Amino acid sequence: MTLRAQLHRQLAIGSWPDGKLTGLNIFLIWTILGALGIAVIATEPAIHEPWRSEILIAEMVFGAVFLLEYLGRVYAAPEREGPGSAWGKRLRFMLSPIGLIDLAVVIVSLAPMFVANAAVLRLVRLLRIVSILKFGRFSAAMREIGGALRERSYDLLVCATLAFVLMLIGATGLYWVEGRIQPDSFGSIPRALWWAVITLTTVGYGDAYPITTAGRFIGAFVAVGGVLLVALPTGIFAAAFSDAMQRRREALARAVEEMQGTPDQISRP
Amino acid sequence: MTLRAQLHRQLAIGSWPDGKLTGLNIFLIWTILGALGIAVIATEPAIHEPWRSEILIAEMVFGAVFLLEYLGRVYAAPEREGPGSAWGKRLRFMLSPIGLIDLAVVIVSLAPMFVANAAVLRLVRLLRIVSILKFGRFSAAMREIGGALRERSYDLLVCATLAFVLMLIGATGLYWVEGRIQPDSFGSIPRALWWAVITLTTVGYGDAYPITTAGRFIGAFVAVGGVLLVALPTGIFAAAFSDAMQRRREALARAVEEMQGTPDQISRP
Amino acid sequence: MTLRAQLHRQLAIGSWPDGKLTGLNIFLIWTILGALGIAVIATEPAIHEPWRSEILIAEMVFGAVFLLEYLGRVYAAPEREGPGSAWGKRLRFMLSPIGLIDLAVVIVSLAPMFVANAAVLRLVRLLRIVSILKFGRFSAAMREIGGALRERSYDLLVCATLAFVLMLIGATGLYWVEGRIQPDSFGSIPRALWWAVITLTTVGYGDAYPITTAGRFIGAFVAVGGVLLVALPTGIFAAAFSDAMQRRREALARAVEEMQGTPDQISRP
Amino acid sequence: MTLRAQLHRQLAIGSWPDGKLTGLNIFLIWTILGALGIAVIATEPAIHEPWRSEILIAEMVFGAVFLLEYLGRVYAAPEREGPGSAWGKRLRFMLSPIGLIDLAVVIVSLAPMFVANAAVLRLVRLLRIVSILKFGRFSAAMREIGGALRERSYDLLVCATLAFVLMLIGATGLYWVEGRIQPDSFGSIPRALWWAVITLTTVGYGDAYPITTAGRFIGAFVAVGGVLLVALPTGIFAAAFSDAMQRRREALARAVEEMQGTPDQISRP
C-alpha cells in the first residue's frame, strides 16, 4: 500500500471494516477537545493573564496540527472512491461541507496570532466535533434516537403547543394580577414570560415569583403543569424507543424464521 | 368551480383530501401568531411608548384580516355539507362555537381603536388557535395522547391524591415546626402550602425554605417525594403510550392475517 | 328493605354491585374535604381573626355531621355480613381500625369547642380520606401501582443506595472544600447534606451553593447525578407498568384462546 | 460443624443457599451504618463539643467491632473453597480487594484515637458498604440495571454529547451577551458553564441568571433543552428496562415450550 493510501485509511473515520476509530483519529479527537478546552479556559482573565504566552504557544501547536491534518486530507483525497481525476477529487473535498468546516477550523485556529480577542470565534472548533459524530456506533445510536423522535414529532408538537399555551396563560395571568405590584418581574407579558418559562421547566431561579394569593395559585398551576409537561414527552420518548427495540427484535425473529423455512414448526421470537 | 366553492375549500381546514393545510390557512395561522405576538409585546412599556402608532396600525391590519376572514367564512358557509338554505347555513355557522370564537376575535381585534388598555382582552385571540388544532395529523396525535391519559385516569388520580396528601403533610409539618420562626413563610398552613407545591414540583424558588433541623428533614422528605411523584406519572404515561402503540401494531397484524386468510400459515406481526 | 339496611347500603363504600359511590358517600367526601379546607384556611391569622365566629359555626356543623355519620355507622353495623349478635357487630366495628379513625375524627372535630389552638390536631381528618380510598376503581389503580413498585423494590433500593452514596460523597466533598469558606452552609457534613439533597432532587433553593471552582465541580457532579437518579426510577416505573399491562393483555388473550379451544386455529392476542 | 466453619458461614454474605443475610451480617451492616452516622454527625461542632467523650467511646467500640470482624474473617478464611494451605488462603484473603478494604476500615476506625481531625478519613467506611452490596437479590438488581445501561451506552453517550454541546453553546452565548454586564457570573466561559450546568439540570440556584432580553432567550433555550435532555435518557432507560423484562419473559416462555415439546400445540407465552 502506498503512503497516501495508508494516510487516507488513517484519516478516514470508519474506513476500517470493523468501524473502529484509527489511532490517528483518536489523536485528532483529543486534539480537538484539547483545543476547545484551552479556548474555553483562556476566556477566564484569572488564567489568561499569568499564562498568556503558554496559551499562545498551545494555540499555535493546535493550529499547526489542524493545518497539517487539513493538508493531509487534501493530499489523500484522490484515494476516495468514485470517478474523477486526483485534483478533481481534491477540489471536491475542499468544497464539501466537511472540507469547508476543516478549512474554517484551520483559519480560526491560526487567527489568534493575527487578531486579538478571538475567544468566541475559536469555538468554531466545536463544529469540528461534527466530523467525530460520524463514527460508526455513535452515529447509529444518533440516527436511531433521531428516528424515534421524528416518528413521534406530532406528539411532541402537541406537547410543545400545550407548553406554549400554558406559558402564555400563566404569564398573562401574572401580568394581570401582579403587574402593578411587581412591575420589574411582571410589568409586561414578555417579562412575565421569562418567569413562566423558568417555572414551567422547573428551573426556578427565584429572581421572580408571585407574592399574592391569586398569583401563587397561578404559579402553582404553572408549576404542576410543568411537571406534567415534562412527564408527557418523557413518556412519548420511552414508548418510541421501546417500540423501536421491539420492532428490531421482531424483524430479527422473522428473518430467523424465514431462514429456517419450516412452515409447521413455529420458533418463538 | 364557483368562486364561493373555491373560497370555502381554501378556508376550511382539512377539506382537501390529503388533510393538508391550504395556502390561505397557512397565511391565517401566521396572521394569528403575528397578532398574538404583537399583543404580547405591546404590553411592554419600553416597546409600547416609542412604537405606539406602528402598533396601532398593525392592530388595525390584523383586525381587518380577521374581519375579512369572518365575512368570507359567512359568505362561503352555504358550501358546507348538509341540508338547509344558504342563509340558514350561514346563521348556523355564526351561532356555532367556532363561529362565535371568530366573531369574538374580530371584535377584540378591532377594540383597541375604541377602548384603551385592552391588552389582556386581545389575548382572546389565543382561542383562535383552537381552530388550527383541528388540522389532520396534529389532531390525531392530540386525540391519541388524550386517549392514553383518559385510559389511565385512575392511576393519575392516585398520583394526584398522593401528591396532595404529601403536600398537606409537609405544609402542616413546617407550619408546626417553623411557624413561629419564619411567620412570613410558614405562619399558616396555606402559606406553607405555597412552599410545599414549589418544593414538590422541584421548582424551588428559594423565597421560602426551612432553616431548622426538623424543618429540613421534612423538606428533604417532600423533595424526595416530589422526585418520586414526578417519576410515577411519567412511568404511567410511558406505559400507556407504549401500550397504545403495541395495540395498534397488533391490530394491523391481525388485519393483515385476516386478509391472507391462510389458517395453517402464520405470518408474524 | 328496612331503614337500617338502606342506611347501611348508603354508608358502605362499594356496597352497590357496580362499585359506584352512593349519594350519601359523595356528600360525606365533600364534607371531609370541606372540613379539611376550613381547618387549613383557619390557620391563617388574616382569615381567622375577622371570621372567627363563622369558622367556629362551620366547625360545629362539620363536627355534627361526623358525629351523625359515626352514630349511623354504629347503628347500621349489624347489617354487615358475618356471624355475631347486633351489639357484637357494633362493638367489632367500633374497635376496627376504620371505626377508631372515625371516632378520632369525631372527637377532633368537636375539640375546638373545648380546646383552643387545635389547628394541627384537626388535620387528623386527613386520615378519614383513607376510607374514601377504598372505593372501587381508585383502589384497584392503587393496588396496581403498589404491586408494580413492590415487584421492582430491589431496583428502587439500588437507586436509593446510589442516591445516598452520591449525596454523602457530595456533602463530604463540599465540607472538605468549602467548610471553612462558608461555615453556615458547609461547616459540617450534616449541614452539607441539606445542600446535597436539595441539589440531587434538582429543587435548588439557592440558600446554599458552592462558590469555589473545586466546589462547583462537585456541585455539577451532584446535579448531573441527580438528573440520572431521577431518570433511573422513572425508567424502572415505566417498565414495571408496561410489563403489568402486557401481562394482563396476554392473560386475557390466553383466556380467550382457551374458551375457543381450537388447537389448529390460532387467534392472535 | 466446627466453630470455624460456623463463623465462616455467619460472616460470608450469600453463603446460605437461600441467599439471605445471616444474623451476624445484619448486625455488621447496622454497625457500618451506625459508624458512618456517628462519623457524619461528629463533624457538626454544635454536637461534637458537648458530646466529645461519648463520640470517642462510640468510635472505639465501632473500631473494636471492625477489628474483631477482620480477625474473624482472617481466621475463617481457610474455610473458603479452592486449593491452598490454611495460611495461604488467609494471605490471599488479606491481599484481596475486599480484605484490603476491611483492613483500611479497621485502621481508619482506630485512627481517631491517635490522630485528631480525621473526619473525612473516617468516611472511608463508606467503602465497606461495597461488601454489603454483594448480597443476593440486591446484587442481581444492580447487575440488571448496570446491564441495561451498558447495552444502551451509545444512546447515553449521544445524550451526554448533546448536553455538552448545548451547555457550551449556552455558556458561550451568555459570556458574549452578558459578560460585561455581569462579570462575576458570566465574565468568562468557565464561569458561564457553572450557570449552564445548573440551568440544564433544572436545579436553578438563582446565584446567576441572565438579565438582558438576549440573555433570557438563551436561558430559556437552555432550560427547555434541559427538560428534553432529562426526558431523553429517561425514555432510553425505560425502553431498556422494558426490553430486558420482555426478553426474560420470552426466554421463560421458550423454556416452558421446549419442556412440553408438542410441535402442534402452541402455548402462548
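For the reader, a short list of remarks on this structure follows.
By letter and in written order, the chains are A, B, C and D; residue numbering begins at 1 in each of them.
In this section, contacts are C-beta pairs under 8 Å (C-beta built on N, C-alpha and C of every residue); 3 or more make two chains touch, one makes a residue touch a chain.
Keep in mind that this is a model prediction, so the values were computed, not measured.
Taking the mean of C-alpha positions as each chain's centre, the chain lying farthest from the centre of subunit D is B. Here C-D and B-D were compared by C-beta pairs in contact; the pair with more is C-D. Subunit A and subunit D touch with mostly distinct residues; of the residue numbers seen at this interface, under half occur in both copies. Averaged Cα coordinates give subunit B a centre that lies 41 Å from the centre of subunit D.
Subunit C and subunit D have centres, each the mean of its CA atoms, that are 29 Å apart.
Within subunit D, contacts with two or more other chains are made by residues 190, 202-206, 230, 234-236, 238-239, 242, 246, 264, 266, 269.
By the touch criterion stated above, subunit A contacts subunit D in their complex at residues 36, 40-41, 43-45, 119-120, 123, 126, 129, 133, 137-138, 140-142, 144-145, 190, 194, 197-198, 201-207, 230, 233-242, 244-246, 249, 264-266, 268-269.
By the touch rule above, subunit A contacts subunit C in their complex via residues 202-206, 234-235, 238, 242. By the touch rule above, subunit C contacts subunit D in their complex via residues 154-155, 157-159, 161, 165, 168-169, 172, 175-176, 187-191, 193, 199, 202-206, 209, 213, 216, 219-220, 223-224, 226-228, 230-232, 234-236, 238-239, 242-243, 246, 250, 253-254, 257, 263-264, 266, 269.
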